[in-house]
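Take a look at the structures below.
Shared between the two complexes below is subunit A, which pairs with subunit B and subunit C, respectively.
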Partner chain A sequence: MSLGASLRTDPKRELWFAWYSTVAFYSLYSVVFFVLTRTQPPGRPWLTPEQTVAWFADRHWGLLVGFALIFVLGGFSATSISLITYSIRRMSVSRAYAYSYLILYAIAAIPGFLFICVAMTVGAMRPERDPALLHWLYDFGFLSFSGTMGVFLVGSLIWMAAILLDKNGVFPRWFGYLNLCNALTEVVIAPSWIFQRGVLAWNGVIAWWIDVAVFGMYTVVFIYLLRSLIQRDDLGTGPVPAPVITG
Partner chain B sequence: MSRSGERVIFWTLPAVAVIWIAAFLLFPGFVPPMSPKASAAEVAAFYRDHLSRVRYSMILFNWFCVALIPILMLLVERMRGMAHRTPVLRYCVIGAAGAAPIAFLTSTVFWLIAAFRPDRSPALTQMCNDLAWITFTCGVPFLIGLCVFVAVAIAYDDQEQPVFPRWVGRFNLVIALALVPACFAGLTLDGPFAWNGFVSFWVKNLAIALWIVVMAVVLRQAMDRDRVVAGAAA
Partner chain C sequence: MTETERVPGEGDMWFFVVFESLVFTSYFCVYLYDRAQHEHAFLKAQSALNLPLGIVETILLLTSSWAIARCVQEVRAARYRSAQRFVLATVGLGVAFFGCKLAEWVRLIGDGHTFTSSEFMQHFFFLTGMHAIHLLIGFVVLGVIRYQLADPQHRSHQTIETCSTYWHTVDLFWVLIFALLYIVR
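Here is the complex of A and B:
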């Protein structure tokens, strides 16, 4: 079925809307962070205030335009969260799991990505600002982005527990354990609040390279698994409203 | 499904609106909006000269910017009647409705920090002021998402008597578009796109105000119809 038909006439069109939006959101996110703003891989935590002035100058328009795009489209992060919440509703576990995941990840958006967008925009908009303050904005941006941990930690564990307890076979068990790997990335990032150099610093081998590899793999896998969930779902073609799932 | 108490939530809206308008007029930096071109010394002087009004207006916003959440949940409840097969769009709206006021709340925190120690170094006060204005002006991704999700939900509500009229979906898309230019306010310190400019300040904020008024009217109509249907069923 074509994309247009999936979104217009398919009985599962709202699921497809959420799924295509999820793919578009993560693609935009990658382009903004890796290409436009060049904030991934992250800047070095040991830069001096004067060096952060040069860091901001080097990517002035990239930061301003890239994060403006996140200000426009960041709300679409809600689509993957909603689809995952829906996946938990298909499981044989209490709605409490689904609602916990929804609220945890919805809250996570503010410290998880809005703060870095604001900090870097404020940094880039006045290159003449006192270097010590630019340094502070640089730290605020990277630490809030990497160091927002608990919501993702507990959120991943909730999804994991739901998958492992589920008797409907919504996701394979191995994916439950992959959630544990994602949760552990939020544990090993904690020392980045303390160390300015080395493997545990926010740009280190453990805190960045391994974490990003795990998170990237996890994201690709769950987007693929959500797609097969939608394909398998049989919502029928009968008249609505007769909600298949309420609540 | 109980609808009990929904009217109580709905009628908090006029009170919330009065408080928002009062706080908007009380904050000396909104009419006219502060210029991003003001020097650090001018920004520091602004906070020294208008300390009480900054504090009281932002305390009001901090209290009541989240008061829109219960009203948005009335919208979510109306979505149950839509011709959807899954709750996924309702979850999208819940997620966006939670994050949007918290972004606003964050900007009030920066304004209040700027006002907390007016004798701070002017450069620091200016940075807090910049953080507040950029969060306030550009921090609209969840509102844009909310409008788009509502628009899609209405487009997919293809039944004889849809919960909201079709035009409400198109109206939501127009409002989403009206909010987009404000996201680029960091790129310039003057002109219509700067944070105090016609587009980024007036168009954006009037679009939000118009959205609240129009959605309140159609929400009220949908709630009335819901009650008639529920009454007939009983």
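Here is the complex of A and C:
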């Protein structure tokens, strides 16, 4: 069957669109934050206002191009949230779990994702402003991005509870427990509001490096499991068929 | 796998145990590295801790682990009333541990040893705080056991074993935290 015919007839095409958009979004996210804007790993929290001005100048075009891409394409983050919401709807649990997750993540994306893009773009677009103002934008950007990770905590716990209560076998139960591990690391970032140096600062070994390692593994795992769900899904309401083992 | 060889509780729960152990191990490595860098300052700050209270806390949690293990034994023998008593004992010992921990935090903060007063205290409050969060989740888990024991229709030996595995994990983390923060000099 040709690709065009497959697209017209495949009943799972919307799910596959959401899944490929999710992969594309996380790839774009990594390139923008780690390569183009170099806002991850985060800058040092103890910079002076003058050093902050130099930090913005050093990344001027990267910030503009990178976050322009996010403003144009960042809406695709909604596809990953919608796909996860679908996965919870596919479970045998109340719809309240899915809607709670959807609302929580939609709201959480504003401080946890968009604020840094706006703050850093303002800093890059207005380099002539008072260094104290740029310093404020720098703090605001990183603290909103890293310091508000806790807003994702409840979402992870909702997903965990849904997986552990589900009877349809949408996800393996160990992934429910991995959600708990991820939620617990979201707590760890909270002290970054207090510390400007050390392991708990926003660029610290515990608050950033260990957290990102856990979050990175969690993200790869859930993207893989969502793909597996779409492959197995019969689009019904009962138990999801088990994977077919070949060979 | 035969009955005698099987892993207690739900196999998937052991994923949590291993993964969370790795996360805590990474925190311990960071603590030991920082300690090696500032050994004298860490020793000085460490002297503010109350070792006897730490020992009492450890005994409380170890006893709670014994109580939950007895609970599982009683469940396997279908003695559910006795199992309920052991799970209540576990809750009581856990609450006593948490009370001691709160008292210790209040005393330290009263003496000027806060989250930001030194690097050692930063690690101390972080590690004991993270452990306390795991402990609080443990109370929910113990509530699940209590619910299962009270209702014969929802009683699942596997779920009770899974929940007790979580409680033992919380205990294990405390033993390691106690050794690193209170004992290692």
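To be clear about the criterion, the second predicted complex is superposed on the first by the 224 of 247 C-alpha atoms of A that agree within 3 Å, B and C clash if a C-alpha of one lies under 4 Å from a C-alpha of the other, contacts with A are read in each partner's own complex, and residues count from 1 in each chain.
Criterion: a contact is a pair of C-beta atoms (placed from the backbone, for glycine too) under 8 Å apart; a residue touches a chain by one contact, two chains touch by 3 or more.
In this text, all values refer to a predicted model and were calculated from it rather than measured experimentally.
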Exercise for the section: Check the residue A:Y26 against both partner chains and state whether it touches subunit B (first), subunit C (second), both, or neither. Expected result: neither
Exercise for the section: Report for A:W174: first if it touches subunit B alone, second if subunit C alone, otherwise both or neither. Expected result: second
Handout entry: Partner chain(s) touched by A:G198 [first = subunit B, second = subunit C, both, neither]
Key = second
Fill in the blank from the handout: Counting residues of subunit A touched by each of subunit B and subunit C, the higher count belongs to B
Practice task
Name the contact category of A:F215: first (subunit B only), second (subunit C only), both, or neither.
Solution key: neither
Exercise for the section: Return first, second, both or neither, reflecting whether A:A78 touches subunit B, subunit C, both chains, or no partner chain. Expected result: first
Exercise for the section: Classify the contacts of A:A18 with the two partner chains as first (subunit B alone), second (subunit C alone), both, or neither. Expected result: first
Handout entry: On subunit A, positions contacted by subunit B and by subunit C
Key = none
Completion exercise
The answer for subunit C against subunit A in the complex is residues 10, 12-13, 15-16, 19-20, 23, 26-27, 30, 34, 115-116, 119, 122-123, 126, 130, 133-134, 137
Practice task
Give every residue of subunit B touching subunit A within the complex, in rising order.
Solution key: 36, 80-89, 91-92, 94-96, 98-100, 102-103, 106, 123-124, 126-127, 130-131, 134-135, 138-146, 148-149, 152-153, 156, 159, 180, 182-184, 186-187, 189
Problem - Residues on subunit A engaged by subunit C in the complex (per definition of touch) - result: 172-174, 176-178, 180-181, 184-185, 187-188, 191, 194-195, 198-200, 205-206, 210, 213-214
Completion exercise
As the complex stands, subunit A meets subunit B at residues 11-15, 17-18, 61, 64-65, 67-79, 81-83, 85-86, 89, 102-103, 105-107, 109-110, 114, 117-119, 121-122, 124-126, 129-130, 133, 136-137, 235-236, 240-241, 243-247
